[in-house]
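Just passing along the structure, written as structure tokens.
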């Protein structure tokens, strides 16, 4: 699927806003990691978040998913504020994420990892677990079935019974996506999913992202692989030193002077920072 | 008022010992984020070794002055404890430095049990009467003849503790080793890249903590006049609580926390019986008044609850201010 | 979902195996009684330790929370039973009424302790639980004044045995020509309870709840990001472990007929922890094996180490009790250093996973 098609697909789906960030600010001691960042993600798009190292991308993820509370501003998800929600509540609301430094449940199997993702959409309690009534058993079967489907979907089904830590790096990244998808998210936030992947794997990842979007999940993507960002993202937000310096369609952002300066080093300080 | 001053004096003495032990916890924690569970038992080993040396020297017929005997005993205990500290780190903690957090904690518990039972085999399971070779001199603090007092032993303990704390601060902030320790505490990987031998620095940290612990052991033994193979357990727990109270990982915090913990415990023990004395309520119930006629100290909590205070403080600190009085933020970390 | 106890798929072989094991377990007390009634009692205590270790396994093994004050919950259960079924207060409630009460109270204690501390890092939890265990012991020792609740260090005596109608677990009686002694009665009762506990543990592990616990153990931040309410799940693990401890404590009270604070000291907590660690944290059968090993080996040592030393050195150099403690300490250290997954190899886990897919 090429980019033009992707854009059309996004345009075809509802143009309503899924996530609205209003003046999000986050400080760590004296360092301002995020300063007044505002943007809007529309339903059905793949929204890129780029910037040099230390620009505040991961901080933005952590504020969005409730790991940190913002020092100012906030997010509206699906027209309701996310303020004060804990990470598990955020996940329940429909935002799932992956981590820059993969955080799988290393000593559990790939299948179990994905099954854990179903936790938030299932109900069995202790009594159900102990008594194994018909409802619990049915739910367990459904969880396992869905987990298998998702492993198939991301392409690591052959490793379903291997411990997560024994999977190849690229497979771990995809397993993390499967685990996130298991929570039935409406927004999937991916933190550098292509990091450490070779060209073939990245190409496969691109296909996977397109499929996920086609199946109705909006994607927020932090990525350093510019080729991937430019080919898959509908719109891109550029952060530098915690500030938004550009936002718009990938092709336009690419030509933006400030973005070029931030990446290539218009100033000596930026050069050091971006290295 | 006399009671208050007396308990304050006792508390400061006790607190000095806690502070010295707490420094050992906090140094190790600051540098590798590990609770050295066996640290209390290192204190015990120090007390025991010194006990044996004192017994030998005092019984040898050599007419050494008491202070010299104490000094020799302490100087013998220090290297033994440093060796124990080094061995603990080398054998049981270093291989697990990158293991899940539970693992080194469990080995630490195992080590604690081993140290205690080895001590039991060497020194018997019975409490040992610590030789009181320094003659106790009591000074009056208040004009009242039954008033608050302070002994030369207490003065010695507080003075020695202050000296050791000052020495430690000099070591950490004024020497190359100190800089290396602080660097490793900040970021071991980067410190390693800068040419610091991380393993050596961590070993040294354990050994310095153990050296302090051995002196604390001698002080504790001399103060209470008793040593026991399990003495390190409660002492260690209280000192750990003190380190948490002050803010774990922070040297000043351990000193402050230790002192506060000693004072809280002494005041608590001194007043809890009075505060919870049911006889204050005698007017409300005849039955109560009758019992109080027989026993005017009918307290809900007597001073036998002394050991509870440290834990209560620990839990309160962890609930309301997990970073301690002077410490960095520690909760919410994976 | 299948568990170890599930024999569907290869019925003939499996049933033969189950039948053999069952027969062995039924015959065991009679064999032991032949050696000496003491061994039946030792076995009963071993089963009780299995029970405790499985309870702690939920907390430590499944959820990865290091609880060093576990024995306090055991103590709470034991005292609840003792107070409600002894001449101390003159109350004699039936055991089936008290055991749930003990479990509930232990559970309440677990929640009270867990609520403020479970948000803290694991090693803090360890210390706080350790402190809690000590506090409970200190209270048990001192709550004899002004109101005599626990009778202090003297403990509580003449605690009622289990009784169902006229059938008392404390007496010896003839059944079908066999002498059914009190320990043997308790043996069958404990065995039945243990089987239930094992099944409960296995089912919990292979459930939505168990997976959530394991997720927390593996990576708490990731678990939260997956929508798991880590605080509630940890509290649940803590409360469940505590309830197990409470029930075990009640059974201990009834079996021994006498309890005192001495039975609920830190060493006991560490012993149960050693069982869990030795067997393999989170591995149900491993934990049972660990508990049995650490229950029997010290008893065997008691009968061998002492006499052996006497024979070689002419006197007892190292008390068997000390030897036992050294063994625990070494077990903890060596297991963590060389076999952190426990004595049961991970092949068991692999097989379990394998079977699950065959079925799914």
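As written, the chains take the letters A, B and C, and residue 1 is the first residue of each chain.
Just so it is clear, a residue touches a chain if its C-beta (ideal position, glycine included) is under 8 Å from a C-beta of that chain, and two chains touch if they have at least 3 such contacts.
As the structure is a prediction and not an experimental result, all values here were calculated from the model.
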Quick one: most central chain, C-alpha centroids?
C
Chain at maximum distance from chain B, centres defined as averaged CA atoms
A
With chain centres taken as the means of their Cα atoms, state the distance from chain A to chain B in Å.
49
If you average the CA atoms of chain B and of chain C, how many Å lie between those two points?
33
Averaged-CA centre spacing for the pair chain C and chain A, given as whole angstrom
44
Check each residue of chain C and list the ones that touch at least two other chains.
219, 221
For the complex, give me every residue of chain C touching chain B.
60, 64, 66, 68, 116-117, 119-124, 126-128, 130-132, 134-135, 138-139, 141-142, 145-146, 219-221, 266, 270, 273, 277, 281, 317-319, 322, 325-326, 328-333, 335-337, 340
Of chain C, residues touching chain A in the complex:
1, 200, 203-204, 207-212, 214-215, 218-219, 221-230, 236, 240, 350, 353-354, 356-357, 360
The residues of chain A that touch chain C in their complex are 65, 67, 86-88, 91-92, 96-97, 99, 103-109, 111-112, 115-120, 122-126, 128-130, 132, 136-137, 139-141, 143-145, 148, 160-161, 179-180, 182-183
Which part of chain B faces chain C closely enough to touch in the complex?
34-35, 92, 95-96, 99-107, 109-114, 116-118, 120-121, 125, 233-234, 237, 240-241, 244, 278, 291, 298-302, 304-305, 307-308, 310-312, 314-315, 318-319, 322, 330-334
